[in-house]
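What follows is a set of structures for review.
Presented sequentially are two complexes of chain A, the first with chain B as partner and the second with chain C.
Take a look at the complex of A and B:
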């Protein structure tokens, strides 16, 4: 079984990836690998982690392009490309409060389940419990052992309870609604997730995740010179944001404190024809939603509004 | 005309970077470059700002900028400045500026910095101090303050965090007789902008040490960035000072100035309590932090105010 974890830095995806591997290897008697993608350590940025589980030792240490289970700890990371990452018969595990139309997508309200136990939403262990319910590879007992092996004693008890609650919510405990959903999924062609031989992946010619995603110049052009123009931006930071600043222009006194103190420089002056500052505005392609501007505003005219709610409105 | 929110250029020279939300270092670099303008040439060693500013093939810097070996920031600055002069291509208003973190300055790059000051090369060195090696995952540096938990100085039952005091980097730099040096905080932005502007106009080696809190490494919500930086100064745990060397001030040994010398400080506990890195401290630790602060201020008041122009 192979799992791709999509999450934001700080949500505990790598902890979950490792706990799942530990569950299979320490308790289930299988072989496992777990690793995150590497980059600058930063909170809130999209990241991936991988778990590989097999009956024989795993030699391929490269990132996965496709997996049996693709888990999203943050719904905002789920986009149109999801099917490409799914192996035939694979499933998506999505942290979302609402059901999905496609039977291959299993939605779990991981924020709510974890918040009930912890008092704040930490979705990682919920998805672990869900995987135990949906796969033949690890049992709930294995997941318990995995949690004990990888989490500090202080965190274990609450996380075991969360795993149990998640297991039940997804149908592991035999709840009527959940098993109906499961039946529908099987009828639609999904199969229970099982272990496969690591060499199978090699036969399928699994390739590495490309790291140059979108550029408006060809990589070979860059290779000719180590110098290129400053301000050469190819990717936006907007996907980082869970809240956005909303400015009430009727209250704004144009004191420019928000402009002065924005760590990203995404608040800019809008000038009229004579060059006078008319108002300030936010570049939402690069705003990370840190909230420094809202705190800095002496008039209190900047509110931080949840992204999802804003998108629905 | 002095640089402030109204008068500064609308252009951004550090934009689209991948720093964490609410990053103090990013704010310091952004505003420093806005003061220096489009002809600045920047060099950065390994650290948060190079890791988040140069994501090949992306370039978050709007000025010429390059990455240096970790220990070599000041040496590379010397080389850039000499190279620009030798090629005859150094434009007017061109400042060769380095941005290095606390580890890259006070530990790893100290030798190169000392050499550059010794030669009095015409460069500006900005140390953005987030008080640990944050880019690699929060390890203690020479500028980590006493009591702060990092991954290499974890808080436990016996020891509650970093065992050493913050290195007196400003004093070390001033002891060279550098033309201009200053400390600043991103919580006092007008003061920082003024010092950047002052540094821009002085020939020779200049050094600015700016406190730049890190929400992730210090453990506070990102939106509190500026408040935390202000509190550090209000409590007296950080100070705003300037030094002008003998050549600039005309005073033998140079002149110190405390830009803020309050009669009494804000309470230390609320500042410590708002950061997770100090969660392991007990009353004795807090008393030790206060005692070290008072000792430091006694030294600054007696030596600097007696010697220099006096505090404001």
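Take a look at the complex of A and C:
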């Protein structure tokens, strides 16, 4: 069995991936690998983790592209690409308070189930309990052992109770509660906020980074030096952003403090026809919402505005 | 006891069981959790050691050398730029014949900046007089931490050992590991005793210079004693098997090579995937095999040549490139083949750079290339280096 875990940093997806691996390896007598998407981590940023379980040693340590179970600890990460990650016969486990129309999607209100025990929503163990209910690869007892092997003693008792509650909630190996009309909110929450608008940069008559901001450059064209005219990133980081800077041009004095201090070089000059700097703007494909510009602005003209305000309303 | 550990946690557990007296380290991704875990062990009292928080990798190894020169068993760990930063001290440790064990979490070199795994760091320092061994999984990382001390401290060898563990693919991946009991570890690895140390009762001079009239003797004995490790490793592994019940195959591991027509040479964690693909090919009736190099220094040239002598085509799969030449493992394997007079067509598959996933499709594609190479060697005559995952490059399906 292979599992892809989608979550935001801090939701405990890697702990769940490890606990499932430990359940299979230490209690279930199987072989398992568990690993996160490697690299820098940030609370709130989208991340993935993987669990591979097999009867024999697992040599392939590459990341999974498809899995038998694709678990979403955060509903906002569920998007149109979900089917491509699903192996034939596979299921999606979605942390959502409402059922889904597609029978391949099993919704479980992991936030509510975990909040009832912990007082706040930490959905990871709920999905572990659900996997025990829906698969015959690991039992609830295995999952208990996995939790004990990976969580501190302080957390174990509550998480064992959460796993039990989740196991019951999805029917304990029987029929999953699924297959109702897809709630409109799933569809609304399905797409991550799309912020990269290449045409916006074009419209603003920007002196653009020659390669990366020029829509979709290929590595063949730019991978010869690490020098770019602006911006320090080679991959779009917009998914990290929970708040975005909004600049009030009527107050901005063009002092360029934000331009100088943006750690990712995402603030650029917008010039008029004579080449004079008219205003500054933010490249939202690369801005990760750190707020340094807002702190640095002596005129106080930059506000940090929540990205998902409309989605929450 | 069976536990579910990351490569770094497993390695730290192996180090704890070896009872080092001094640990000197500076953190760097993806090595950090090794030294964090060891610091916790010292703090909680499960490891009795002097833990030195130093201000750089250069000092980490310099301090380890100083500690080793008092006769203490010492450990340090690093990665990537950290290893390069301590490079000056590498030859002090090896030339001084101090049996330090260092873990290197294999990671790419800057620029471009990259924290992910490949093997350019340790391979670029093959010539610094250290024994180099590469783990294929977390169990081997743990076991090598123990066995490395036994090899390093053997008086026929007396050289430092670098235990290389693939960054992230091992260091941050969890799998089940059998952690030995302390009694078994103690039975396997006795305390370190040496005369190569400061001694307050009978003062000695350590780290002196050797001019033109003597220098060659030092180089000669360094070389000969490094070679001696080739005989010591199997002895150490036999004792390890007696104490722990786990067997290791010596300098290299031959996997289904006996009657193989195409053989892939692998290093480190990539061996797991190559093994899986070899099994799948064998099921289809393709005579494929793998040769895993475990120790790259001392270089087991004769073992490599004899394992590859029967093949019709040989590939080397490696996570490094010596720019303008070939991969370093390939260059070494070619030297082994040439020395033994083995003529076989070869290709060098360079992949997994900067943390790029080595995919099953890539390894299958590489074996396809080898099968074609066996039939028509001229098709690949221009350049033996195949970059995996680059469109336009010949072979090695992206």
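The rule is short, and it goes like this: the second predicted complex is superposed on the first by the 190 of 313 C-alpha atoms of A that agree within 3 Å, B and C clash if a C-alpha of one lies under 4 Å from a C-alpha of the other, contacts with A are read in each partner's own complex, and residues count from 1 in each chain.
One rule holds in what follows: contacts are C-beta pairs under 8 Å (C-beta built on N, C-alpha and C of every residue); 3 or more make two chains touch, one makes a residue touch a chain.
Predicted model, so just to flag it, every value in this text is computed and none were measured.
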Partner chain(s) touched by A:259 [first = chain B, second = chain C, both, neither]: first
Contacts of A:34 with chain B and chain C, given as first, second, both or neither: second
Superposed model, chain A: greater residue contact from chain B or chain C: B
Which superposed partner A:42 touches (first chain B, second chain C, both, neither): first
Touched partner set for A:149, first chain B, second chain C, both or neither: second
Contacts of A:22 with chain B and chain C, given as first, second, both or neither: second
Partner chain in contact with A:286 - chain B first, chain C second, else both or neither: first
Partner chain in contact with A:58 - chain B first, chain C second, else both or neither: second
Overlapping contact positions on chain A, where the chain C interface meets the chain B interface: 40, 234
List of chain A residues in touch with chain C within their complex: 18, 21-22, 25-26, 31-36, 38-40, 57-63, 146, 149-150, 220, 226, 234
Partner chain B, residues of chain A touching it in the complex: 40-45, 212, 215, 217, 219, 222, 228-237, 240, 255-257, 259-265, 268-269, 271, 277, 286, 288-292, 294-296, 304
Of all residues in chain B, those that touch chain A in their complex: 4-6, 10, 12-24, 26-27, 30-31, 48, 51-52, 56-65, 134-137, 186, 189, 215-216, 221-227
Chain A contact footprint on chain C (complex, rising order): 2-4, 30, 111-113, 115-117, 137, 168-169, 172-176, 269, 271-276, 355, 357-360, 391
